[in-house]
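Here the chain labels run A, B, C and D in written order, and each chain numbers its own residues starting at 1.
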Amino acid sequence: MASIEILILILVASSIASYFLTKLNSFAGSILTIFSTMFVFVSLAYYGFNDTLITTVNILPGFTFEFTYLGAYFAIIVAFVYSMVSFFHPYFVDHYKYKNAYNMLFLLSLAGVLGAFFTDSFLQLFFFFELIVWTTMFLIPLGKSKSAAVSYFGFSAAGSLSMLFGIFVMFTNVGSFNIADGLASLSGTKAVLVFISFLIAGFAKLGVFPLHIWLPIAHGNAPHPFSPVLSGALVKLGAFVAVLALLKVSPASAMITAISMPFAHYIIAILGAVSIVFGTLMAIREDDAKKLLAYSSMSHGGYIIVAFSLLDSVALAGGFYHILAHALASAGAFMAIAAVARQTGTTKMSELGGIIHKMPITYIVYLVAIISMAGIPPMGGFISKWLIFQAVIDKGLIFIAIAVFFGSIGSFLYVFRPLAALFLGQELPQFKKTVKEAPILMLIPMVIITLLNMYTGILPNGILGFINKINVELGFFPLVINNPALTISGNNGTLFPALIAGVFGFGVVVAFIIFILLKKSRQVSLMDTYTAANFIHSEELLHYSVDFYAPLERLYEKYTTKMTDFYDALANKVKELGKLAKYLFMSKYVEVAVFWIVAILAFLLWGEL
Amino acid sequence: MKSTKFTEPRKLSKEEVDRKWWEIGDFFRRNSLWMLMYCTGCCAIELPPAMTSAYDMERLGMGPMATPRQADILLISGYLSVKSLRRVIYTYEQMSEPKYVVGLGSCPINGGIYHDSHAVINQLDQYIPVDTYVAGCMPNTESVMNGFVDLMEQIRDKTAKGWIKYKENNEWYKKNQKAALGEVIIHDEFHE
Amino acid sequence: MMNSMNNVEFLKGLMNQNFKIVETDVIDQYQVSFVLKQADVLQALVTLRNAGWIQMSYLSAVDWPDENKIEVVYILMNWERPVHIQIRTKIDRNDPVMPTIIHIYPGAKYYERECHEFFGVKFPGNPDYQKQLILEMWDDMPPLRKDFDPKAYSDRKFTKREYNEDYLVLSDQNDKKAKREARKERAESLKGGQKI
Amino acid sequence: MLLNILVGFAIAFFGFVLQTSVAGVNRKIIARLQKRYGPKWYQEFLDIFKLLSKRATSHGWIFDFGVIMALGGIIATAMFMPLTNNIVAFAGYDNFFIFVYLIAVGMLGMAMSASGSGNPYASIGVMRALTTMLAYEVPFMIIVLTIINTTGFSSLTEIGLFQQASGNTWFLIALPLGGIVGILSLMGMLGKKPFETYIAPAEIASGPMVEYGGKQLGMLFIMHEITVFIEVSLFVHLFLGGAENIFIFLAKYFAVYTFVNLISNVNGRLKIDQVVKFYYKWPLIMAITQAIIAIYFGWVVSI
């Protein structure tokens, strides 16, 4: 028996409690964070899967909640990522200036997330949205850079305002703030307006082209334990809003008969495709491991947008599964990087090397996460990418297919880079003594996420069954899954994930037997490598980690700054506008300001009076 | 008359099993010799005809390889200066066992025309074990091919035991190397 | 060519005007050699560098054991006026010291190290002229000095293969001196670029 | 299920034997092309068993683990491969994407192991291999998209049956531009010249394989042979109409591999950026043209 209201209240109460507790003892406060997030996740997952969450409101005035499978799915994923990340807090909060605020804001933002996913009214959705934006905005500057928070807030605010605009347009048209009724009964140009404004909000939150600039800045500079939350959980809010817009609003737009898709949705899919390509190309040339993963989040956001805009039940299921798979993969990868950053103090790949010798478990966690991220079986990412490919191929979307395949192959390139540069290779002398494996409390969530990454890739049918409920709720066909046989049927083929995993295991066993039967190898050190018979004594000279894909980067590096330049120019224009306003209103003479205010008021009220 | 009764097959001892395997391995090894060519001397000019259509080394299963790890034969073609001897020793030690060394030309045998140079060593087998020498300055291509066939026969007869000798008499080799080179592995501003 | 002869004339004028030249040797229209006093060398190099001889092609030495001198040779090149210049100076063989020229030609850093390694010339001012460059772990006198006996070194350092007496073909060691004489004569005869 | 797995393993083993023999025969053919006598046809077997018999050097557990993962992944991929219409281990599950992505596990294992050796040449080789993969995969996938979209199946046997049912209209002919792209991409996949930039023995000392010797190299050779088997069989099933029986399969297989090998032996080697530029120019344009013609206009050449 759990009520959403109770859960939110528990989170708010424990956030206040942890504020004071952390002040007394940061470890105890962090433990409280772990327990409350774990409690919320467990009760959500348990009651959510059994459809017994209670939505009645007894205490909070004015709030109304509604249980939807869509909201529950998102809420469970996000709460899971939150609860896993909270295990990192005991080791990280001490490094931050306002450690009590850190724990408090962390819990408050989870409360906001819960509210946003379970509310039934747009005004409340906006309220919770703002709660998340404001809490996270104060969390991000606790990391490396303050300006990161500014750019995060800028884009988030643009998204929120755009959503607010959409809400008001919808209200004037429909006369109700209710999510389900409101969106369904929209029509005409108002529907187009709402569609666009909601998508702007979704894109800004998801970090999809062209509203992606904040993503690497915020992800790269956020506190290490908060980056997994940002990438694995919070950007999924954008996916939630995008789902509302893409699937519930039907703007009037021409149908493209060749591919049986509305024009508006095709444009959105193209934007998603651009986002995939752009994120991939930028991730390939990034040196900071966290920023690299941030760009990969952008690319995966593109996949999610493509999946939802295809209006196909297979793609839809693929999109929802991708949200889960990417949340797990990106949380795993970011947590592994965070563990490395805690032990070494840097996330720059050019400064690291050979961490595997000291942190093998972290390495395995990262390896499994990137296998899932690259969409290679037997991990979760493969299932979702397979479903999305099915729909893309079935509809014959050539140009989107280019981006989808490019992103899929490109992801091998960029995920391999941290693996090679950061974990593999010679052990650099500065890390030989100081680095050791991450503490056990940090390994627990990482191992859990690794196991889940595998589980989602081997036995996806349980989760796909839940996704089918969402599909039905949204008015689409459920995905054909055969449960005792554990197979999934797409548009043009059948997938048997458990079989793939089993055969892969069999292959590895065979290879292992061959390996073990043969003569034992002679162990040599990593410095004893083929160097064309030259004597090299220092590790840095043999470790190849700078400019890994230089020949490829050279082909496109001229064009990489185009988008940032555009936004810089825009920012300059905004600054100038601000200066003008300042000049007009903030001058020494009060009369001038009063004059302008009166003038503007008069202008605004021109027709009314 | 022999007993027709079932006799327990004689249990092969571990050494014998190993020896059997080793003989099978020798068959593969002598039919697939991969070379790492250390071509610093003039004798290297005899290798292109040996490899291309004139003599076609590939029909013996031989071929060039890129790194010492993959190679079976270390082919020293011509004179070895003191500096390159260090690299040869380093390379030889990187090769995976079993490994063979072939010296081409008279310089690795006795110094050849460089016998009185301060920079060229005179006798390669003092520093690393050499399985086959091909004499001549420079040896013509037939003798190069003949040398390789000799090596194959040595492998078959189990006389190509240079790498075992190097392991067993390692101290002696190390002493010789030290006497000629000082240190094998150097560490200066060009080798950091 | 007119121009190239002018270059030589220009060069001779430049040098004679500023320095006391011990000996000038115009080998051909593209090569001139000046023998200078040791004290003048640095000044001459500075002058020539300013006059356009910006490339330091080589720096080496010649051992003259009979005179008990070592001759240091600088070879310069000008890309505007195609003349190679050799600046030669003889210094004491027992304690050969030559000031460094890395302030004039930074590239000379490695030539000086080589020269020290092979001839034992010291170059104070060059911070690492004593470090090893080409010969790794050399443990004898500089090997290009004439009184260094490579055969003796080789015999001492590298094991020789033992042969039966019958197989040995002993070369006549006395021949060598005559050969050297003949070589010298021939080199003299080739001076100036044409065979007499 | 156990029987299926055994059949699958038999197919993988058959693939290894087949490709190793075909590669040996091809070495002979190339030698004759160059007026040489050439090695024995079973030379590749000798090479592999010799490597397995040697005592290797190892650079730590990730070096060994990567090799095991590479070989395991490739064996697993080959187990899904149909030989003919009937000889297939897991009927119905020989999905095209399994081959493309399960092969990637093997590749990842090899890349990981190579980088784990700590040799910069190996890392450069891996970088080049991944870049080449980024180059050839996109045009190839567009053509495969066209094929799957036309047939409605992503199962290889079904695609083969579809071509046989339509009177042996192979996609190599039915989609002529696509066929050319398929061959070009196959050359990239097999790492044949001019796209063998990532091996480049004279330049980066055989790239990813630089640190391997002995059993690890032998296992990578086995892996390479099975990979070639998978890629050539993919081509046979996608473009050449599959195979009704094993002899047709063998004939088609041999023809494809020899054809590609002959082309590659009269070519030099491209630089890595030239490889990328090449694939993103003509093959991609051809692939898109073919896809538009076949999907949106429905024009497919038929005999």
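We take it that a residue touches a chain if its C-beta (ideal position, glycine included) is under 8 Å from a C-beta of that chain, and two chains touch if they have at least 3 such contacts.
Only a predicted model underlies this, so the values are computations on that prediction, with no experimental measurement involved.
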Point to revise | Those chains which touch chain D and also touch chain C | key: B
Exercise for review: Find me the chain with the mean Cα position closest to the mean of all the protein Cα atoms on display.
Suggested key: D
**Study point:** CA centroid of chain B to CA centroid of chain D, Å
**Key:** 35
Revision key, fill the gap. dist(centroid_CA(chain B), centroid_CA(chain C)) in Å evaluates to 41
Exercise for review: Take the average of all CA coordinates in chain A, do the same for chain C, and state the distance between these two points in whole angstrom.
Suggested key: 70
Check your understanding: What residues in chain B touch two or more of the other chains?
Key -> 67-69, 86, 94, 96-97, 186
Practice item. Specify, in ascending order, the residues of chain A that touch 2 or more different other chains. Key: 522, 528, 530
Exercise for review: Provide the full list of chain pairs in touch.
Suggested key: A-B, A-D, B-C, B-D
Point to revise | Touching residues (chain side chain A, partner chain B) in the complex | key: 522, 528, 530, 533-538, 541
Revision key, fill the gap. Residue set of chain C touching chain B in the complex reads 128, 131-132, 134-137, 139-140, 143, 148, 150-151, 153-154, 157-161, 163
Exercise for review: Mind listing the chain D positions that touch chain B in their complex?
Suggested key: 27, 31, 34-40, 43, 46-47, 49-50, 53-57, 201-202, 205-206, 209-214, 217
Check your understanding: Tell me, which parts of chain B touch chain A in their complex?
Key -> 67-69, 86-88, 90-91, 94, 96-97, 185-187, 191-192
Exercise for review: Could you pull out which chain B residues touch chain C in their complex?
Suggested key: 82-83, 86, 109-111, 115-123, 126, 176, 179-183, 186, 188-189
